[in-house]
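Right after this note come the structures.
Okay, so subunit A shows up in both of these, paired with subunit B first and subunit C after.
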Partner chain A sequence: MDVIVDNFPAYLAGFSMTLRLTVVSGVIALIWGLVLAALRVSPITPLRAFSTVYVELLRNTPLTLVFFFLVFVAPQFGLLAPLGFWTAVIALSAYTSAFVCEAVRSGINSVGLGQAEAARAIGLTFGQTLSMVILPQAVRTVIPPLINVFIALAKNTSVASGFATVELMAAGRRLGTQNPAEIIPVLIGVACFYLLITIPAGISAGVIERKVAFAR
Partner chain B sequence: MSSVLYDAPGPLTRRRERIGSILGGLVVLALVGLALWYAAGRGVFEADRWDVLYDPPKNQTAEDVWTSMVVRGLGATLRAAALAAPLALVLGLILALWRTAQRRWIRLPAVVVIELFRGLPVLLMMFFALLGFGWDAFNAVVFGLTVYNMAIISEILRAGLASLPKGQAEAAYAVGLTRTQTLLSILLPQAVRTMLPSLISQLVVLLKDSSLGFIVGYAELLKSIQNNAQFFGNEYFIALFVIGASIYLIVNIALSRLAVWIQRRTTRTAAPVVPVAVTMPGSI
Partner chain C sequence: MRIRPTGLVALLAVSALTLTACSSADDDAAEPDVADSSEVAEFPEGSTMATLAEAGEITVGTKFDQPLFGLVGPDGVPQGFDVEIAKIIAGALGIDEDGITWTETVSANRETFITSGQVDIVAATYTINDARKEIVAFAGPYYLAGQSILTLADNTDIEGPDDLAGKKVCTVSGSTPEANLLANYPDAEVVPFGTYSECLEPLRNGQVDAVSTDNVILAGFAADNDDLEVRGEPFTEEPYGIGVAKDDVAFRDWINDTLEASFEDGSWTAAWESTAGSVLPTPEPPAVDRY
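Up next, the complex of A and B:
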């Protein structure tokens, strides 16, 4: 296990890259995903159609294919994606936003019809209905699935290692080739760093889910 | 949903919505048109960028190209998925049953295995097999897909078992069935049935994840796009990519539709309605 201690700086550099990828792509995916969800419930048909097609396409495409497109195919269009961090952010956030959209939409749909009907019956306007009755209820059901989407994003950042971004997984591979005899401890070290993100996040999703659970 | 939020739209609102639709449509059309115009300016639609699909250069026939993509590329993708999926289902089932054990210390190893494997990237597990155990790329892909998906599948089954009404188990005990009999003949069949749509969506995820084989050096569909482009020239990347991406979309959308169809069929008769989870590769 000395190999982990000796190469701690390399691990930390990879880990901080993984964290940065997760946070930056997460924020962009959250914003873009909310826009997509808003388009998807909007009364304007073409925008709804655009959002539906986007979400269906990205959900049924492997993330590797999105990376592959940006790194190998887009340059043939003349779109030169800068290799490394921002390519990975574009691929990850384009992909994750489709799942953010789905999570938000299912949350809005989970609020009972009677809630909106009751709000209208007591004379609330559209804005009041949405902001005081629907959204507060939607948010609490949406947070646990959203956390799961972000956990998945944290793990998916590993795909960037296959496309010239040196994050945790790539750092681990490098250390592995330098220390071929101790490759299993090196990879166990990588695993521990991923678990450092995913297990606390998973537990908090579970706690929040139990806290907000209520009978509908 | 949105209709309950407003009153029934009057003539003014309906006119506004119509104008909004037309404007929105124009915006979307303009964006698509702009993209097409840009691509055309770069020569994307010229025949010599696409003839690899019907009349390839370098003394190859169209059949060679299509065989390498559809038969060898997609074939390799499906082969990895076809081996990993049943393995993951069986192991996931065993883990789910193991996890229901009454004694804590018997249950504990199953809990650890599930939490561990679902918290790690699939790619990392593929590298464990490839570099750590020194396996070949195919086995590494199958290993990664199997251990990750067995953890997720056992969680799906556990959720299915938890969603059953308590009376099912109580009735089984009341007629004198043992715990094992209750689990195997009463609870599990119902859990599998209610969770069938989620299980199928997880299989779609498994199939999508097989494309990670590209990174560990397994010659699957993505690799066949790259190999063909390297052989025929990079200007064919777009044509080859369009075909490869379409193959993925067709297979995955067909499987997703199957999940929705099965859900509709099962919810008609089965008692508890469990919504299909939003499955993202890697989501817990």
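Up next, the complex of A and C:
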């Protein structure tokens, strides 16, 4: 296990990249996912259709292919994303937002129809109904599945290691090359650093859930 | 669990058939080539050579995505110089091509596959170095490669590794060339991808300035693409060896003998010319390092 201690700076560098990817992609995915969910229940057919196609396309495509498209196919159409961090953020948030959308939509479906009818009855517009009445209730209901989506996102950042991003997984591979005798401790170290993100995320889900719980 | 009588009979029948098949295969191997059979008898009892020769089977780890050295085509059979070298070794054991099981070994799993016994030998552009010698043993080298640089043909800014400072250099995540760039050319910006072929599109787009790995791999790319060129002389030495279990000294010595014999009798040169020799000049065989 000395190999983990000796190479702590290398681990930390990879870990900080993984953490930044998770946080930045997570925030973007949350915002974009909420927008997609709103579009999916909107009364305007083209917006609804756009959101449906987007979600079905991204949710059913392997993340590696999303990366592949962004790095190798998009440039052929003149779309050149800067290699590394931002390419990874675009791919990860585009992919994760589809799952955020579906989680939020299930929350929207759980809000009683009477709530929307009452909101309309007192003269709120569709936007007001959604943002002031439906979404606040919907998001509270879906805290556990949303945290699941973000735990999956934290682990999915490892796909970026194959696409010009030196995060935890790529850092682990480098250490493995330098210490071929200790490849197993090196990988255990990598796993521990992922747990540093994912276990607190799981615990915070429980805390947040208790805080925002409401009687229905 | 109960075994039904019919099932048992079937099982026995299959075992009998297998046994017959084995013995007939042995006969085949012995009859047409007398030299082979006498060689098989020479192996010391209990040695790896004797075990493999008796089984008539060997499991070889090689790369499946390395043009010129080990590349699997649509037919599923790997081709290249590493593959030919493995065939020479298997042939000296009296094992023909049907008896070789090809297993994909990527750079990261080669040591593990050898120590766990999942492969008998590894021939996979496998650089002999001291860190690896602590876990596995190497016969050879059978070829001396060296790290080099590939750029677009019209890019004359880069002529050697010292020109890489401030440039984006594509290589494979977790590879020896990546480790070398990080250690010796810290001013170069390393852009790691999953495989070397994935570096070519970013190179053409201008997202990276160069690709760096062993010259033999780059020569393969340059030969297939007119817009790419290999720059300068190799700046490292990568002796490719055959990886075997660490404590199997007899097997390593025997492979060294076999390699030296192939240097002498021209089969090494023939193996080179039928594979990597299509784009690279034929080198002198290297001196085997019996460490």
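Observations on the model:
Everything that follows uses one rule, which is that the second predicted complex is superposed on the first by the 180 of 216 C-alpha atoms of A that agree within 3 Å, B and C clash if a C-alpha of one lies under 4 Å from a C-alpha of the other, contacts with A are read in each partner's own complex, and residues count from 1 in each chain.
Everything below uses one rule, namely that a residue touches a chain if its C-beta (ideal position, glycine included) is under 8 Å from a C-beta of that chain, and two chains touch if they have at least 3 such contacts.
In this text the structure is predicted, and so the values were computed from the model without any measurement.
Applying the stated contact rule after C-alpha superposition, one finds that A:123 touches neither subunit B nor subunit C.
In the superposed model, A:9 makes contact with neither subunit B nor subunit C.
In the superposition on chain A, A:72 makes contact with both subunit B and subunit C.
In the superposition on chain A, contact is made by A:63 with subunit B only, not with subunit C.
By the touch criterion defined above, A:103 lies against subunit B but remains apart from subunit C after alignment on the C-alpha atoms of chain A. Ranked by how many residues of subunit A each touches, subunit B and subunit C are led by B. Contact with both subunit B and subunit C is seen for A:161 once the two complexes are overlaid on the shared chain.
In the superposition on chain A, subunit A positions 72, 161-162, 173, 176, 183 are in contact with subunit B in one complex as well as with subunit C in the other.
Note for the complex: subunit A touches subunit C at residues 71-72, 75, 80, 83-84, 161-164, 166, 170, 173-174, 176-181, 183.
For subunit C in complex with subunit A, the residues that touch the partner chain are 107-108, 111-112, 131-132, 134-135, 168, 170, 173-176, 178-179, 182, 190-194, 198, 201-202, 205, 207-208. By the touch criterion stated above, subunit B contacts subunit A in their complex at residues 1-2, 4-7, 17, 20-21, 24-25, 27-29, 38-39, 42, 44, 115-116, 118-124, 127-128, 131-132, 204, 208-212, 214-215, 222, 225-226, 229, 234-235, 237-238, 241, 244-245, 248-249, 252-253, 256, 275, 278, 280-284. On subunit A, the positions that touch subunit B within their shared complex are 41-47, 49-50, 56-57, 59-65, 68-69, 72-73, 76-78, 96, 99, 102-103, 106, 108-109, 113, 116-117, 120, 126, 129-130, 134, 145, 148-149, 151-153, 155-159, 161-162, 169, 172-173, 176, 183-184, 187, 190-191, 194-195, 198-199, 202, 205.
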